[in-house]
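Chain naming follows the written order as A, B and C, and within any one chain the residues start at number 1.
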Amino acid sequence: MEILQLVVSGITIGMVYGLVALGYHLIFRATQIIDFSQGEKVALGGLLALSAMLVVGDDLWLALIVATLVGFAIGWVYEWGILRRTYGREQVVQIIATVGVAQIFYQGHGLIWGASAIPFSHSLSGNPQAVLELGGARLLADRLWVWGLVILVVGLLHVYFERTRHGQAMIAAADNRLGAQLSGIDVGRMRSQAVAVATALAVLGGVVIAPFTLAGGSIGLPIAVKAFAGAMIGGLYSPLGVVAGSLLVGIIESLAAGLISYGYRDPVAFGLLLVVLLVRPSGLFGRRLTRVG
Amino acid sequence: MADGPMHPALRCENLHRRFGGLQAVAGASFEIEPASITALIGPNGAGKTTIFNLLSGHDRPDEGRIWIDGQRAENLPAHRIAGELRLARTFQTIRLFPALSVLENVRIGCHSRSRGEFLASILKPAWVRREEERVRAAALAWLEFVGLSKRRDAVAEALSYGEQRLVEIARALALEPRCLLLDEPAAGLNPTESDTLAALIEKVRGRGITVLLVEHKMDLVMRVSRQVIVLNFGQVIASGNPAAVQADPRVIEAYLGKGASHSEA
Amino acid sequence: MRSRAYASLALIFAAVFAFGAAAPSEHIYYLQVMSLAGIVAIQAIGLNLLLGGTGQISLGQVGFMGVGAYTSGALLKLAGWPFLLGFAVAVAFAALLGLLVGYAALRLRGHYLAMATLAFGGIVFGLIHEIELIGGPLGMLRIPPIDLFGWRFLSPQDKYLLIWAVTALAALAVISLLHSRVGRALAAIREDELAAAAMGIDVARYKIGVFVIAAILSGMAGAIYASYLGGVAPLRFSIIESIALLIVVVIGGLGSIAGSVAAAILLTVLPEFLRGYEAYRPIVYAVALVALIILFPGGLGRLLQFAEGGIAWLLRPVRHLRARRQPHG
């Protein structure tokens, strides 16, 4: 049953990648930018939750809400202060800016909370050892909470974008900026919201994964790459696709860690990204120009 | 070359190109004589720029064949069509290298007419330095040819629109092309600049270079071209000397809409 | 224009070599710091050719350095090869990987290329961290020193001079390349790929070519680094180091080789004078990176241009004399 256990833990980490990848999707759709700082926001999540618990008491659920709201605010400030100033500029400028922000997040939480990861003994279910029996397989109750929570958030976002007027307006604004402006939608505000929500999602991912790993440390970069692999597999434009792709990446990396060696987890997942990027139909040659001149 | 059989400078046969639901070029065929000036005209969306892109290798036809100087070209990449088959082009929206100087732009045009790859470029033996001198002189000569010597050190994007057009033509001429494609060269020019351009096009042809231009300004087209090819819906609907084409009812219909030719007839 | 590019470089190298020749033995520590700055500078020159020359980004450049360091280190230590042979094979291996990454880069651009090169760097780091033969997480110790035809580079001063001689050659080579037919083709590609192709420029060939050169320079830096220190450990080749290299290039100014060399020195040496603030260095660099790229993408190179302008102004009388002797100015 080892493989089943590996898949189960792969799904859990894949769910977190899914939240991060959903953030890639939102920011890319709104701004045409891949935000390299998405991964570091995950590292920030666990740390924010730890600090929140110093204030609100030993309640992970409350800390989760506080951390997510703080993440939303950080995202808003980040969009306003930095990202906004790169719109319409060369991609190299955008890349270097968001890579720099990733460094600021990484070094910043290193300064505030220390460079090494911090043990995280809190649990969503209240008991980190609680186990459920499901058809012979043993499942940590905490995993179930993560799965449920991520599915709930993805579902809520889906309903928001597909069923509410405000969500539809956001999609319209993202896909047709000029048209949106003409019909009175505030594109700048839409972009702020997209980045803020994406940041909140990554922070939330950081909170829910912390009980299984540690909080903070240098987890950000690998998560950024792996969630991007998930987003690429699912197709960056499809919100449900990026979550599904991320689950696949989580499962593959978990199997590689368990069946080959733990240390090959990252190289295998990164190699997967390279393969996906290169076989993607729309490379330089797939995207022949339709009109020159 | 002069001893071989005479080929048309350009020949295409049954060209097709579709973008999604839009059939931009639908079976176009035509031939162009060497050292002549030909205009490709037609209403917006008739497929003129698409044909230019197919000829220059910036796009590939779904079907059909292209010969440049008798050599098959439809599957060659753009840089080989420019460098080996000596077909140069300009673009509808000017595509200079904006941050580089005028002289640098034209020197880049000399790329395929000079030698020296990575190692030679780093070590710069005497022959490379001689090449550099030669390329610089050639680029200056082409700037002189289009009348822009004074502006050689200006940054390309700082030039006026008309001057940028001329730099783009000088840069294309620096390839020493046998065939030059000009995509709406007179767009945005004032009447004086248009006249200068017409004279320049004649001067280029005088050097034995075949010129094919897409142009909306009919006075220019009628003045310089020997042959006019009219496109509509991606097909050649008429072709011949300017006067004959102007009188052709299909052409009038294409430009003025159905019924126009009847009411005038 | 070209003489200006060489002017500030000449000044920098004059200072570097004067320091190397004059540094008394109690300054061994600074010789070592500056040697490491040279290692960074060699790589920064390559990354700047890639980024400033053709606009292609690499966030995994130190991966090539890792390949060079570990290949050379392993061949010298485990197989007992002479330095030059190990060095050559290591650089060839880095070049081969540069060819592959460069080929892949044709299909990817912008954000996608950045992410792909990040993944490449991550894979190299992951592998050198895992492969037991080359020491795994502990790395390799006792790698034989640099040895050119029996001349062993053992003293800090010798090593310093060698590293900076290589840096100077790399800088001269890349500047020479930028001021040539190929350099113009690279600029054309950076400005407008379609127009470049219409000029007969084989875009793919040159884009791959600069990736290979950048990989060669990083591979060389790695092979020299391994023998310079006599040991390697995986952490020097992590993604963070690739980003640190990017910071050097951006602060030095995209397209300015002299700027890259100056920034490599500045960012390596500066911390030595800011003891006690050590913990804040990385975040200050990161903030500087973001601020510079948003507000002043020209970087240090632009400042150097002002300085070059000043030097050119001072040399004005000389140039007037020279110009008068030639028929055309």
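Note that contacts are C-beta pairs under 8 Å (C-beta built on N, C-alpha and C of every residue); 3 or more make two chains touch, one makes a residue touch a chain.
Here the structure is a predicted model, which means the values were calculated and not measured.
Asks: Between A-C and B-C, which chain pair shares more contacting C-beta pairs?
Replies: A-C
Asks: If I average the CA coordinates per chain, which chain comes out farthest from subunit B?
Replies: Result for max centroid distance from subunit B is chain A.
Asks: Return the chain label for which the distance between chain Cα mean and whole-protein Cα mean is smallest.
Replies: The chain sitting closest to the overall C-alpha centre is C.
Asks: Report the inter-centroid distance (CA atoms only) between subunit A and subunit B in whole Å.
Replies: Going by mean C-alpha positions, subunit A sits 49 Å from subunit B.
Asks: Whole-Å distance, subunit A centre to subunit C centre, using C-alpha means?
Replies: 33
Asks: Between subunit B and subunit C, what distance separates the C-alpha centroids? Give it in angstrom.
Replies: Measuring from centre to centre gives 42 Å for this pair.
Asks: Would you mind listing the residues of subunit B that make contact with two or more other chains?
Replies: Those would be 58, 91, 95.
Asks: Give the residues of subunit A touching no fewer than two other chains, as numbers and ranges.
Replies: Expected reply: 289, 292.
Asks: Among the residues of subunit C, which ones contact at least 2 other chains?
Replies: Where subunit C meets two or more other chains at a single residue, that happens at 194.
Asks: Quick one: which bits of subunit C touch subunit A in the complex? Just the residue numbers, please.
Replies: 51, 55, 57, 59, 104, 106-112, 114-116, 118-120, 122-123, 126-127, 129-130, 194, 239-240, 243, 246-247, 250, 254, 279-280, 282-283, 285-287, 289-290, 293-294, 297
Asks: With touch defined as at the start, can you tell me which subunit B residues reach subunit C in the complex?
Replies: Spelled out, the residues of subunit B in touch with subunit C are 56-58, 77-80, 82-84, 88-89, 91, 95-100, 104, 107-109, 111-112, 114-118, 121-124, 128, 131-132, 135, 171-172, 175.
Asks: Please output the residues of subunit C touching subunit B within their complex, sorted ascending.
Replies: 173, 176-177, 180-185, 187-188, 191-192, 194-203, 209, 213
Asks: Along subunit A, where are the residues that touch subunit C in the complex?
Replies: For subunit A paired with subunit C, touching residues are 33-34, 36, 82, 85-86, 90-97, 99-101, 103-104, 106-108, 110-111, 218, 221-222, 224-225, 228-229, 261, 263-264, 266-267, 270-271, 273-274, 277-278, 280, 283-285, 289, 292.
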